[in-house]
Each structure stands twice: as structure tokens, then as C-alpha cells.
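Structures given as C-alpha cells follow.
Across the two complexes that follow, subunit A remains constant while its partner is subunit B and subsequently subunit C.
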Partner chain A sequence: MQDKILDKSEVDALLERLGSEYDVYAPLRDQQGSVEWAALDSSSDLVWDFSNTGVSPKRFVFPQTECMMRFNNRSDDPEGMIMKQEQGLQRQQALLNIRPCDAKALKALDSIYCRDQTSNDVYWRDKREKTLYVGLACKSPCPTCFCTSVRCGPHYEEGLDILLVDLGERLLVRTLSEKGAELASNLSDAPDEAKQQAAQQKEEAEAAVRSQVGLENIQSRGIMELYEAPMWDREHESCLNCGVCTYVCPTCHCFDIQDETQGEHGRRVRNWDTCMSWLFTYHTSGHNPRGTKKDRFRQRFMHKFKYMPYKFDVIGCVGCGRCTQSCPVNIDVTEVVGEMNEPDLN
Partner chain B sequence: MRNNNPYLPYPVRIKRVEIATEDRSLRTFELEFLHQEDADAFRYLPGQFAELSVPGYGEAPIGIASSPTEGDTLLFTVSKAGLLTSHLHSMSEGDVMGVRGPLGKSYPLQEMEGKNVLILAGGYAVTTLRSTMVWLLHPDNRPKYGDITFVYGARTPGMILYKELLEEWETNSDANIHLTIDNEAPGWDKHVGFVPQIAEKIEPSPQNAMALVCGPPVMIKFTQPVLDKQGWQSDQIIMSLENRMKCGIGICGRCNVGPHYVCKDGPVFSKAELDELPKEY
Partner chain C sequence: MQELTQQIRSAAKRLLQEERVDCVLGYREGTVPMRERPFFAYTPEEADQLVWTRFCVNNLANFLIGRQDRVAVVAQGCVSRNIVGLIQEKQLSREQVYVLGLHSPGMVDSAKVQAQFPNRVIHSVEEDGEELLVNGADFQERVKVRDVKRDNCYTCTHRNAVIYDEFLGEQGEETGGGNIDNVAAPWENLSLEERWQRFEETFKDCIRCYACRDVCPLCYCNQCFVDENQPQWCGKTVEETDVHTFHILRAFHCAGRCTDCGACESACPVGIKMRRLTSKLEKDIRELYGYSPGLDLESTPPLSVYSPEDPEPFSTG
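For the complex of A and B:
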């Protein structure tokens, strides 16, 4: 790890260097005034003062629709009906100013997508390896942020190649990987006062994360104890199963696989899916193991806060608060998780 | 797996199709790999399943009915139920499709060594138990196991799968074969009644034994009290689950039962394991 310094007026030089090797994406202000991920054309478009994007950047590694393979849809052709793997990403990509929570989310999902030799998702891995993560530390967390409760934080470094800390006119450039170090190799070392300023900013940002939730009781409780808790009867009631929480979530990673054909062209694609849908688990026989709204609501929280920690030792949440922000019926993730963690579960 | 891409099916050709039951709802497909190296790579054990891949229609997870001791071709008995399986039922010998696998865990064949084996099968859930029986009765494996008792129930004589093989086991193997149908039928001289009733009648001893139980939910429901009464412990009872699946490798997120994915951590679980988990199957 090295701390370098970069004057904001010199960001162009860095971008030029990036652009020669990478397609560069960053959170940019759109015509409606909201900040969302888009391709970066000019450094003047960069936004330094934003909370976070409405939708997470997971699509750069896990596109909403992704072609996995193609086939010739003709059974009279000797090459027909045989799946051919789609090529990987043609050019490397850089995610500039990604929030540390969003980078950590992708890192957490590696334990599922690249679990072992047989569960080695080549599509995920291809894009993970061809992506550079240049993080931007959070200055002013949202009221819905609770990253410090879930092994993350406004300056969290895991999953990043570089962490930028906005010091006003300058950026502290912290290199966190070989790729990052190489990119920042021609920058000068950060002076001590800049390092101190960054450290102070980290402390302040962490203290500004007001929303907190405990997980210790969730961890110590048995699966069935949590699963059968009466709280689910109350908590699920207002949920519409609309699935927007899973859409905006940086760690929601469930998908569907579908075949599409047009004439003799065919392809197999995967699409984002949602555990909020009844169809997600519906058997051909008509039986549905998660047939009720309560079942599906409970699954989402159990998956992130019990099953994933139990199975992979990662929390399926980075505390970005997007689900709370976008929920049409004001379900607050920290409230539900708080209930799961109550000393007297009821 | 080929190119290390676990989603890419091996191309196979339908070598043989057989209408398996009198109501024509089940067909057995024998599939041969287009490339020998794929056949070599597809190393499986009884209890595992594969995704049958029909380009344009998708994939369906189906238990492997053949045993690896039977050679390089694979056997699947498929119920005509949804979009893909209905199309599969219209496909013919010579047609090309795909197979992705083997997926999931096998029955605990090693743990079963030195023990008596009780197999309770109902309806077309018998497929992976066919695989198991063929494997157990193979001369290389048979000496490692004690008594083998196989109980298999179907609605009618015409709904019994793998008839020739069952006859072969009845005449030429040392396994205790008990076939049963739901109601009396002309010419039927074997058991009559549901699988739990036959299990009650033949009283299999839980002493140094393991039971593999696979069938429709109603069979499981009524078999359990019988096994309980006979003193079977939950860690001696092995079951195989089904859930809706897509990826088959524990990633896409839909087939979980608690923290475990049926596709990857199962489909085979002991009843002791399932007792600790939500009944989301």
C-alpha cells in the first residue's frame, strides 16, 4: 500500500492513461439530475460530491442480461443445436469513483461465484479480472447508510485497486493492488499532512454513519430459531414483493437462465432474477416451496444475514441502504435486521 | 468440464427413446456423447443429476438413471411436465441436444459400505435408485455391502419402470426385491399396497443399515412413521430432494433449503440434516 497525491487539475492525465487500456465508467449526473453509472467521456463530467448511485454498479460484472452462449437453431445442420461459448469482455473496464461498499459487495460475491472448481462462474470471473476498481471514499454518508455495522465502511479498502480520498483541490491516491500501484506509479508520494487529512476524514465519515445494527445474536442463533421467529408475521406484512430492493442491491446476485431464438439464431442468456417473485421457486408440478409473501420476504433477509455468513463467512449486505431508500412501503433493512437481532426474539 | 465453463453443455445424441409407462407420461432417453473426451470427463456416481439442455427450450435438472458401471451412455427417465420436457418427449433418436453435469452429491456409497441397504422407491423417483441398485449389484461393489432390500411401488403394473431389469434382479441377484402396486390388478401376484405398508410388512431391520428413501411427498410422509416405529434413526435415512433449479452449481440462488443449495450441497441429504432446516422443498 502506498499513498500518492494527485491534483484534481491533473486528473485528465490519469484518465488518459486509464483510457488507453480501459473503458472507463463513473457515476455521472444525468439529465434528470440524478447520479448514475455511465461511460465517462471527459474528466469535467466527473462528480465528486454525491452520496451514491441509485442502482449499484454490479451490472459491470453481472449484466442485467448477459449472453452466455449461442447456437445454430437448425437440427438439420451438423453444427446445429450445439452451444458455443460467448467470448468474454473484449476490453478491460475501469470503474472510477466506485464507492467502497459497492466494491466490497463484488468481492463478497466472489465466494459464491468462484466457490470452487465446479462452481467457477467463468462469466463472472472474466469480468472481475478485467475490471479495475478505483474507489472514492465517502465524505458524507446518507442517513440510510449503515456500512460500519456490516464489516464495511466509508473508507473500506477490500475489493479496490485504488482508493481516492477527496481532499478538496487534491486527491489522496491509495494504491491497494499491483494494478493500482502501476497506474499511480508516476504520481508523487503524498505529504504527511495529506495523509493526516485523509485519516481524519475517515474518522469523521465513520462517525457520521449514524444508522447502526447489531448482528451478534443473529450469528449465535440457530437457523430454525430465526426462521420460525414470530417477527416475520409482522415484518412481511407491508412488503409488496415488488423486488426493487433486489434490483438496486449490490449483493443480490440471483439469476435466471433463458433461451431465445429468432429464426436460425439462438442464444442462452442469463437475466437478473428476484427471490421476491413466486415464480422464482415454482415447481413444474405446481408445488411452491416458498409459496407465500412471508416465505419470500424472510428468504431475502435470512439469505443475507444468516445463510451467507453461515455458509461463506460473508455478510450478504454492505450497508449501502439502497433497499431502504427505494422501498415503496418504507421497509427499513436495519429495522428488520434489528428485529432478527433482538435479545428476545419474538 | 469442457473449457472449464460449467454452464456449457456437452453435446449428446439421443441414441434410444423408449416410452416407459402405459400412460405415456414417461420416456426413457439413452444419450451418447458426440465426443469421447466428453464421455471420459463425465464421471458420476448414483444419486447425481444433470441438466438436460435442449437449445431453444432451456434446461431441466433430471436424475441420472444409469450407473457408471454400464458404460459411456447416460440414461434419463423424464416425465412430460413442462415446456422443455414436453418438447423432449417429441424428440427422436438421432437428435442432438446437450447434457450438463454431473451435478450434486451422490448417495453416500462409502458410508454405506459394510452395512445392509434398504431402498424405498415410489413412482418415477426410482430413477437414481435404479442407478444405485445397478451400481451396488455390480460384482466390483456387491461384496462391500450387506443385505440389499429394494421396495418399489407404482400405481399400476403398467407404471412400473425398468421391468426387464427388475426381473433380472429378482431371478439373478441376491437382493430382496419387493414390487408393489396400489390396487389389485389381473395377473399381478406380487405385493399390493403403498410403499409404507410394504415397509411395515417386511420389517427391515435398522441394525447396521442405511435406508435410501425417494418418492412423492405423500409416500415420504407415510413412510417416516413406519421407519420411526422400526427404530430407524434420522442419520440412517437418506433422502433426495428436488427444487426448481437453473445454474445447478449453487450460484443462481433459487433452490436453497436454508443455507444449503439442493443442486450443489444436495440433492442427497440425510434426514438428520433436513430436520435442522426449513421445509422449503
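For the complex of A and C:
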């Protein structure tokens, strides 16, 4: 790890270096005035004051619609009906100003998508390896953020190649990987005063995270105890079972695979899917293991806060608060998790 | 508004105490700015959590579908019209619901408020008469309600509940002030190419989360056409063809039934204006059939019946 310094007026030089090797994306202001991820054309478009994007950047590694293979849809052709894998990402990509929580989310998903030989998702791995993560530390967390409660934080470093800290006219550039160090190699070292300023910002930002959740009781409780807790009866009541919470979430990662044909062309595509939908678990037999709205509602929270910690020692949530913010009926993740963690579940 | 909140609470307590109903469906305070949450109160104590503000942007009729118990429901104009619609379509019986009718103040579009404060995080918003008090970590500013209402609330035609068992507060102005026919079909005057372009732009950011469908009291199908796979009417991707198919078909399924409550637009996480389709279709229904949805328990929605006199202006022979 090294701390370098970069004047904001010299960001262009860094971008030029980036652009020569990577397609660069960043949170940018769109026509409606909201900040969402888009391809970066000019450094003047960069936004330094934003909370976070409404939709997470997971699509750069896990596109909502992704063609996996193609085939010639002809059974009379000896070459027909044979799946041919799609080429991976053609050019490397850089996610500039990604929030630390969103980078951590992708890191957490590695434990699902490429943990070992048995879970080696080539599509995920391809894009993970070809992506550079240049984070931007959070200055003013939203009221819905609770990152510090889930092993994350406004200056969290895991999953990043570089962490930028906005010091006003200058950026502190903290290199966190070889790739990051190489990119920042020609920058000068940060003076102590800048390092102190960044450290102070970190403290202030962490203190400004107002929402907190406890997880200790969830951890110590058995799975069935939580699963059967009476709390789910009321908590799920107004849930619509739509897909908003899972689609805006940086750590939700379920998908559905479909073969599509048109004339002689065929392809295998995977699309995001959501555990909130009844169709997600519906069997061909007609049985549905998660047949009720309550089952599906419970799954989302159990998966993130019990099953993932239990299986991989990873919390399936980074505390970004997007689900709370975008839910049409304001189901609040911190409230539900708070209930799961109550000393008395009854 | 606080007065109405009190009236809702006392009506709810009375109905629960007298065991007239098993629960009261209303709103309780949300945890994020400008979004109250649908809430079922089962006891008089729980009824104390009920609120009524300009941030009640769901359509509560949606939460009545499939319930077996007796429910009292807080309903302004559009919601009461959807209750009528559900009764017409036999999804609900009149006896099962107790309608606490209200006059709608016109609800707030949170995106319009946020748009006035770019780069600033809003921590809370309070109502203060005809203004909103917007609070952030280091600012407090006022916004006029009339500048930030939802589009559909400007052109509302029935702000008072159309059916009710009890009306809370005063009946008020029936319309939102705007004329729906003037804005219902923003693309009618565009050339074919421009119209297509507008259409593509309108839906380009859709992430197919289906919140617009799931929040809508018209979309109660056990299996929506987008979830069917034999045959598969609609692909699952976020490519244009599939996104467009979803939106066009959904809009047609709502034709002659949509009350323009705006719950779909309020629910969308990416700000899609899907009313651009439904409001055009409702205008067509008014012009072709002289019908507005949800006003009369005895009538039958025009697209649910066949009549030899049905207009066929699209048929060119």
C-alpha cells in the first residue's frame, strides 16, 4: 500500500493512461439529474459529490442479460445444435469512483462464483479479472447506509485496486494492488498532511453512518430458529414480491438461463432473476418449495444474513441501503435484520 | 393533514373495537423521506400508528386482493375507483370491505423534490400547509407542494372517494386543475419516427423488476403473461424487444381499467414514465366507449364484454 497525491486538475493525465488500456465507466449525472453508471467521455463529466448510484454497478461483472453461448439451430447440419462459447470481454474495463461498498460486494460474490474448482463461473471470472476498481471514499453517507455494521465502511479497501479520497482540490491516491500501484507509479508520494486529512475524513465519515444493525444474535441462533420465528408473519405483509430490492442490490446474484432461437440462430442467455418471484423456485412438477410470499420474503434476509455467513463466512450485504431506498413499500432492511437480532424472537 | 390522521385513527379504533372489521389497511410512517408504508392495523393500539400525508403513494386497493378477512381501507378517489374495479371484476365483495373515504390532497413526487436539490442528500421532509420543509445534514429549505406533485395528481378527475361507508374530513375540489385530455397522449402529435424515438427513450432504462406491475391493483393475474413459458409470449432479457413487449402488453391489459392512480410511476426505481402508454389508452377508451373506469359498480368495463355495436375505428375494411 502506498499513498500518492494527485491534483484534480491533473486527473486528465490519469484518465488518459486509463483510457489507453481500459474502457472507463463512472457514476455520471444523467438527463433526469440522477447519478447513474455510464461510459466516461470527459473528465469534466466526473461527479465528486454524490451519495451513490440508484442501481449498483454489478452489471459490469454480471450483466442483467448475458449471452453465454450460441448455436446453429439446425438439426440436419452436423455443426448444428452445438453450443459455442461466447468470447469474453474484449477490452479491459475500469470502474472509476466506485463506492467501497460496491467493490466489496463483488469481492463477496467471488465466494459464490469462483470459490474453487466446483464453483468456477467463467463468465464472472473473466470480467472480474479484466476489471480495475478505482474506488472513491464516501464523504457523507446517506441516512440509509449501515456499512459499518456489516464489516464494510466508507473507506473500506478490500476489493479495490485504488482508493481515492477527495481532499477538495486534490485526491489522495491509495494503491491497494499491483495493478493499482502500476497505474499510480508516476504520481508523487502524498505529504503527511494529506494523509492526516484523509485519516480524519475516514473517522468523520464512519461516525456519520447513522444506521446500525447488530448481528450477534443472528450469528448465534440456529437456522431453524430464525426460519420459524413469528416475526416473518408481520414483516412480509406489505411486500409486493417485486424485484426492486434484489435488482438494485450489489450482492444479489441469482439468474435464470434460457435458450432462445430465431430461424437458424440460437443462443443461450442468462438473465438476472429474483428470489422474490414465485417463478424462481417453481418446479416443473407444479410444486413450489417457496410457495408463499412469506417464504420468498424470508429467503432474501436469511440468505444474506444467515446462510452466506454460515457457509462462506461472508455477509451477503454491504449496507448500501439501496433496497430500503428503492422499495415501493419501504421495507427497511435494518428493521428486518433488527428483528432477526432481537434478544427475544417471540 | 394531521387532523385527518387523527380521524383515521379514531375511526380505525372504533371499527376494531366494535369488531366491525378484522383489520384496518392504511399507511404508517416510512423510514425514508417521502414514502409512507402500507400497514395493516389489527388492534386499536396498532391503529395509533396510522398516518395520512402527501407521501401516501401506493394504491391500497392492491393489498385487498385475495384477503379473506373483513378489511377497512383508507381510500381517496383513485383507490376507491380501483376498489370498484375489483368488485366489478369479482376479486372482492362489497360486503368484505369497509371504505374509509377521503379527499386526496394530491401526492408528492419524491423525484421532483430531489431534483431541486442536486448533489444533496435529503434526510427528511415534513409537510407544512401548502409547502414542504426539506431537511438535509446542513440545510433546510421550503418547496411549494404545487410544484412537486405527481403528474397524475395534477390531472386527477376524482379526488373524493367515489364509494365509501364513511367519509372522513371534508369533500373537496374534484379535479387536480389540469385537463387530462390535453396531456394524456404526449406523442399523438409527433411524426412516426419521433414517436418511435420517444417510445424508445421512455423505456430504455427499465430493469424489468416488475414493481410497476406488482404495485398495480389491475395486475392480479395468478400468472402474468411475462411469467408464462408455454408458449413464451415475452423473452426474459432487457433487450428492447422484450422490454417493449412487456410494457405494451401490460398497458393493453390495463385499458379501460386504469384509474391513473400513479402508483406504477411512484414505484419505479429508475423513473420510467409508463403512464405515457396507459393515459393514451384511457383517452381512447373515453373517446370510443364514453367510459371512465371505476365510477359505477353496476357497469361493466367495455373491454370485458362484446357488443355488436362496439366501435372499430381501426378496421379499414
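As a convention for this text, the second predicted complex is superposed on the first by the 346 of 346 C-alpha atoms of A that agree within 3 Å, B and C clash if a C-alpha of one lies under 4 Å from a C-alpha of the other, contacts with A are read in each partner's own complex, and residues count from 1 in each chain.
Here, a contact is a pair of C-beta atoms (placed from the backbone, for glycine too) under 8 Å apart; a residue touches a chain by one contact, two chains touch by 3 or more.
Keep in mind the model is a prediction, meaning the values are calculated, not measured.
Peer 1: Put subunit B and subunit C onto subunit A via the superposition and say whether they clash or fit.
Peer 2: fit
Peer 1: Of the two partner chains, subunit B (first) and subunit C (second), which one does A:D256 touch, if any: first, second, both, or neither?
Peer 2: both
Peer 1: Between subunit B (first) and subunit C (second), which, if any, makes contact with A:K58: first, second, both or neither?
Peer 2: After superposing on A, A:K58 lies clear of both subunit B and subunit C.
Peer 1: According to the stated criteria, A:Y227 is in contact with first (subunit B), second (subunit C), both, or neither; which is it?
Peer 2: A:Y227 sits against subunit B, while subunit C stays out of touch.
Peer 1: Between the C-alpha centres of subunit B and subunit C, what angle is subtended at subunit A's, in steps of 10°?
Peer 2: If I round to tens, I get 90 degrees.
Peer 1: Name the contact category of A:R99: first (subunit B only), second (subunit C only), both, or neither.
Peer 2: neither
Peer 1: Using the touch definition from the top, say if A:R300 reaches subunit B (first), subunit C (second), both or neither.
Peer 2: In the superposition, A:R300 contacts neither subunit B nor subunit C.
Peer 1: Quick one: classify A:S34 as touching subunit B (first), subunit C (second), both or neither.
Peer 2: second
Peer 1: So in the superposed three-chain picture, is A:L240 touching just subunit B, just subunit C, both, or none of them (first/second/both/neither)?
Peer 2: In the superposition, A:L240 contacts subunit C only.
Peer 1: Could you state the shortest Cα distance, in Å, between subunit B and subunit C after the structures are superposed?
Peer 2: 7
Peer 1: Of the residues on subunit A, which ones does subunit B touch that subunit C also touches?
Peer 2: Residues 256, 258, which sit in both footprints.
Peer 1: What residues on subunit A touch subunit B, complex-wise?
Peer 2: 68-69, 71, 73, 75, 80-83, 85, 112-113, 115, 118-123, 222-224, 227, 253-259, 261, 266, 268, 270, 273, 275, 280-285, 287, 289-290, 295, 299, 302-303, 306-308, 310-311
Peer 1: Within the complex, which stretch of subunit A touches subunit C?
Peer 2: Residues 29, 32-34, 47, 49-51, 54-55, 64-65, 140, 142-144, 208, 237-238, 240-244, 247-248, 256, 258, 260, 269, 271, 274, 277, 279, 324-326, 328-332, 334-335 of subunit A touch subunit C in their complex.
Peer 1: What part of subunit B is in contact with subunit A in the complex they form?
Peer 2: Listed in rising order, the residues of subunit B that touch subunit A are 1, 3-9, 11, 34, 53, 55-59, 81-82, 85, 95-98, 217, 242-244, 246-247, 249-260, 264, 276-281.
Peer 1: Using the touch definition from the top, list the residues of subunit C that touch subunit A in their complex.
Peer 2: Spelled out, the residues of subunit C in touch with subunit A are 30-32, 35-40, 58, 62-63, 111, 114-115, 118-119, 121, 123, 137, 207-211, 213-215, 227, 235-239, 263, 266-267, 269-271.
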